[in-house]
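Okay, so chain A shows up in both of these, paired with chain B first and chain C after.
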Partner chain A sequence: MLQGLTILTQPIIFMQLTINGVAMGMIYALMAMGLILLIRAIGVMNFAQGELLMLGAFITWGLTYQVKLPLPLMIPAAMLCFALVGVIFMFLVYWPLRNNSYPTATVISTMGAAMAIREIATITWGSLPLVAAPLVKGVLRVGNMRIVQYQYLLTIVIGAILIFLVFMLFEKLYAGRIMQAAAQDKYAAELLGIPTILTTAATYIIVVTLASVGGFMIAPVFLVNVTLGSLQLRAFAGVVTGGFGSVKGAILGSLIIGLVESYSSAFTTTYKDAVVFLVLIVVLLFRPQGIFGELIADKA
Partner chain B sequence: MKGTRIRLCLAVLVAVLALPLCSFAFDGTVTFGAVAPLSGTNIMVGDFVKNGILLAQKHINERGGILGKELKIVFEDEVDNLQASVNAMTKVMNYPDVVAFFGSTYSAYCIAASPIVLQNKITMFAGGSSANIPKEKNPYVWQVRMTDDQSGLLMAKAATQIIGMKNPAILYIQESFGTGLMTQTVAALKNLGVEVKEQNLYAHNPDEKQFSPILTQIMNSDVDGLIGIDHQMPAAIISMQATAAGIDLPLLGSSSFASVVARETAKEAADGWMGVADWTPDVTTPAGKAFAESYREEYKGKPDSDMPAVTAYDSLILFAEACKIANTTTDKEAINNALQKIKAFPGAMSTYSYADNHCFSTSQFLTVNENSRAVLKDVVYTREP
Partner chain C sequence: MSEKNNSNQKIIVDLKDTSISAISIFKIVAITAAFIAFAVYTPKFTNAYSMMILNISLINFIAALGLSVMLGMGGQLSFAAVSFMGTGAYFVANLTNGRLGVAWEPVPVLVGAVLFSAVFAYICGSILFRLSGTYFTFATIGLVQVTWSVYLNYRPLCGGPDGVSGIPVIRFFGMSPRDYHDWFYVLLIFVLLAGFLVERIRRTRLGRSLASVRDNEIAAQTLGVNIYKTKVIAFTVAGALSGLAGGLYAMHNQFISSDIFTFDMATTYVIMAMLGGVNNTVGVFVGALLVTMLPEWLRPIQRYLKLTYGVGIIFLMIFMPMGLAGLGNMILKKFFRRKKGQKETLLTDEDETGGEV
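== the complex of A and B ==
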């Protein structure tokens, strides 16, 4: 314990761990935001969120290294692909089951989709990990000390921009308000002439894009491979910590999870994950609705 | 007359074309089972196992099969979890024609299947290297790879006697293989006079990808070297993140750090790692070179041979040898007993000899990664072949 505190009090290490934690927190936040948007829009927890992140990494890798598109062309092409994946995902995984009498059917469907996405990625891109070059090469230094790879800093910046854009969409834009209206009361929205199929599709496109951009950002550091999906557990932890139903909560919760994960490695690497989920248990004990969430009982 | 000549020519042509197809008139078949992760997150390992098994099958059948019988293979998919793996192994054991099989590459799965193997009295070549596999004392379970206790000793010797580490940090994967090999390495280091401090042992979860916080601490500690114990993909990520972090320490890794996956993925970031490896395509023994070259030839355009491939290959070659010694391809008990008579058998990965703990391997390779190649520096023996 004392040794961990000693490590954390070293400014350079503290800075490194903080930047790492915030960068990872941003990745979890992108996934967590998607989870919340889907919960709010259609009431479904998406267990394929991690696989969507993984697919985003594979798609951007494919466009960059197989199609050989330069970055300015690759980005719009990737966005189109993400949108297409979002729509396909919705029509295959959610739409046929939306009126099913068993509400868990759609949740189980997302679990099946996760497995299918993994296998499709393996069949398409092979089983070996793929290497993606960082968007910004190099390492931030203070004097002789290497602080962090620029890719981590870029991840933080891109994550923050995407979060800001999603907030702008829902808070300032008419389209966002339509989506919110459809999510809050689908029946009333349809009576008002809002095409809920389009708002649901738009939600899926946003969800897939957020997760996929996360995959694109971490691919240079974590390699492009089918195990990237395992990151979604931390996003779930972020959602619960921040509070179900709250986008702000999911973001803050994810950043907390990222930082706890990073700082806890100063104390223990063996039980690092246990510390993360211990935080989750503590939050559930003392504030079961999460930091920004409403009481689950109230929602029910 | 002209028609007869044409017919004769055609008959000769057909006979010549058909010659390769019936160069061996096999007298029946012998079936070997193989379990590998053919889908799921470990499919990369499964591909290597499948390639190794199919190459061995090809070589054995080209040489006339086993006691004149054609070798057939049945594969089962163990996916990426314990339950699926045990189910796959149980299924293979219960195929009526299967007389022996290659079990999981993962030690924990092999140990879980061990009681079923004993019940079915069928030879299993375990792909795992855990020292806990021999502790099961299962007469039907055999290991081709060096067990972790022996590897730990070799790693400790390399760390202290070759690199000169006196205060190393150990970064290891927290599962059966990693914890086992770490424990054995720490014990061996202690016997060699190097005490590894508790705070210098860094475990990570099997699905970990973010090693920067750990590497940061290692860099800022007083250690004089880093020992990595891991599987192929984490080994690649660690190599890359260690380079990015600017780690300037002597580096020693378990077999995976010399693997083709780690080297070809991490490229120049993998350079500089010394490895105590089960396999390197840089091998110099005749059997090893023959395997490495024929693998390259057979799987052109695919990654070079790696440990799971050569382990599976050698398991099948040892099985064929045991059949020859026992002079049977059907008597499972006799084939299992014949494995005890294996002595100084030249395999691709090692020279194999029977040992009481059912581990055949007698050596490992000491390698250094240079220009993305695992350059062979020495072959180190743990016992007389």
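== the complex of A and C ==
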């Protein structure tokens, strides 16, 4: 414990861990945002969120190293793929089940989808980890000390931009308001002539894009492999820690989870996982509504 | 999530509980006959390896029954089954194999494991049910991660990554099962006990309160049901069943390690419960059997096994969300209705209430 504190108080290490934590937190936030958007719009908990991130990493890897597209072409092509994945995902896993009287069925079907996506990725790309080069090579240095890879800083920047874009969409744009209206009351929205099938599809496309970009950013750091899917558990933790039903809470909660995970590595490496989720349970004990949340339990 | 669905939910009252209809007699007879046939004939056509897998499916059934109580009766999706299986398994392992200096009789230790898991589940339930619905589910995932991490790393009690080995088998009055075929009958006794317990709970105050909480929380509250307490008790019952399953697993395999207490396994239990029909004990039995045995049967398509499995789950949820039991009930109803006219449609039997979750 004391040893961990002395490690943590060294400024260089503290900075490293902070940047690491914020970068990972951004990845979790991208997934957590998607989770909240889906829960708000259609009331579905998506257990394939981590697999969508993994698929994003694989798609961008495939476009870069197998199709051999240069970066400026790769990005629009990847976006197109993400949108396609989003639409397919919606029409397979959500649309046939939308009028089901049994809400858990939709949740279970996302679990089935998670398994299917994982297997499709394994069959297509194999189970060995694939190496992806970082977008910006090199390491940030202060004096002679290596602080952190530029990839982490880039992840933070890209994550922040995406979060900003999503907020702009929902706060400022007409399309975003339509989507919000459809999320709040599907029936009334349909009476107003809003095509809810399109808004739902748009939500799915946004969710898949957010998670996939997370996968793209994380690929150089973690290698591209099927175990990336397990990162979704941290996103779940972020959603609960931050506060319920609000996108802001989910983002802040994810950042906290990222930081806690990063700082805890100064104290223990074996129980890193446990520390993260213990924080979650402690938060639940003292603030069951989440750190930033009002008590809005389960609002569709 | 709930708001959307509340509108088309009905409050189900089990009016017809004591009366016996042709359907329920037929069901009881059919189930008893099928079970006896299963108990008598399967061991004759099964080799030792398949028997072991079959036994594990029986253990899985007991754990999945806990989920059936939580999800089928109470409508609360919980992943925590593996956490309590773990407490049960490590409790049995530590107190019977002598690594802590004690090697007690297996049966009392098994009872102790069930109680210990129940207490642990009660404590966890009291904390986790401060959340509701979706967020409760997220929190149980957290619990699974914490317990898994402890099972994987904590050497003094859980053996770390090596697991715990050398666990003695169960012993009744000096008799122990010698091979997997003997174990099959031992486990059948526990399966019957657990099955009857859950069927009994369905007909008690707790079961009815749970069903009312599942169908409409506000209505349940106005009827004087303490929602929080009901959920916590159900969670405790589920924890006790999982603990029993864990303890049996430890004694059956004589070795445990953390890799059966992961989140992936937790989803497998949910799938087991859903496949057969979540609010139906027989359905859960069939589900546990299918999910455990399927990888063995589908060996020829090993490469595409998990893909088939995943896609199969999606299609299952699309076409029969009530699982195989729901399908069976529907066919039975149609068959009897044709014979006896409209009389049966007025009566709801308890399995059908599951359709309104």
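Throughout what follows, the second predicted complex is superposed on the first by the 294 of 300 C-alpha atoms of A that agree within 3 Å, B and C clash if a C-alpha of one lies under 4 Å from a C-alpha of the other, contacts with A are read in each partner's own complex, and residues count from 1 in each chain.
The definition used in the following text is that a residue touches a chain if its C-beta (ideal position, glycine included) is under 8 Å from a C-beta of that chain, and two chains touch if they have at least 3 such contacts.
Just so it is clear, the model here is predicted, and its values are computed rather than measured.
Trainee: Taking the superposition on A as described, I'd like to know which of chain B and chain C A:A202 touches: first, second, both or neither.
Mentor: Neither: A:A202 stays clear of chain B and chain C.
Trainee: Which holds for A:G43: it touches chain B only (first), chain C only (second), both, or neither?
Mentor: In the superposition, A:G43 contacts chain C only.
Trainee: Please tell me which partner, chain B or chain C, touches more residues of chain A.
Mentor: C
Trainee: Taking the superposition on A as described, I'd like to know which of chain B and chain C A:T227 touches: first, second, both or neither.
Mentor: Touch partner of A:T227: chain B, not chain C.
Trainee: Just checking: does A:D273 make contact with chain B only, chain C only, both, or neither of them? Give me first, second, both or neither.
Mentor: both
Trainee: For A:I120, select first, second, both or neither according to whether it touches chain B, chain C, the two together, or no partner.
Mentor: Only chain C; A:I120 stays clear of chain B.
Trainee: Looking at the overlay, what does A:Q16 touch: chain B (first), chain C (second), both, or neither?
Mentor: The first partner, chain B, only.
Trainee: Is A:A182 touching the first partner chain B, the second partner chain C, both, or neither of them?
Mentor: So A:A182 meets neither chain B nor chain C here.
Trainee: Kindly list the residues of chain A that each of chain B and chain C touches, one partner per complex.
Mentor: Chain A residues touching both partners: 118-119, 230, 270, 273.
Trainee: Give the list of chain B residues in touch with chain A in this complex.
Mentor: Contacts found on chain B: 39-41, 43-44, 46-47, 174, 199, 202-205, 207, 209-210, 212-214, 216-217, 220, 233, 236-237, 240-241, 244-246, 261, 264-267, 303.
Trainee: Sort out for me which residues of chain C touch chain A in the complex.
Mentor: Interface residues on the chain C side: 1-5, 8-9, 71, 75, 77, 127-128, 130-135, 137-139, 141-143, 145-146, 148-150, 153, 263, 267, 270-271, 274, 278, 303-304, 306-307, 309-314, 316-318, 321-322, 355-357.
Trainee: What part of chain A is in contact with chain C in the complex they form?
Mentor: 39, 43-45, 47, 92-93, 96-97, 100-109, 111-120, 123, 186, 230, 233, 236-237, 239-240, 244, 270-271, 273-274, 276-278, 280-281, 284-285, 288, 297-300
Trainee: Please name which positions on chain A make contact with chain B in the complex.
Mentor: 3, 7, 10, 12-13, 16-17, 20, 24, 118-119, 122, 127-131, 139, 146, 148-149, 152, 218, 221-223, 225-228, 230-231, 261-262, 265-266, 269-270, 272-273
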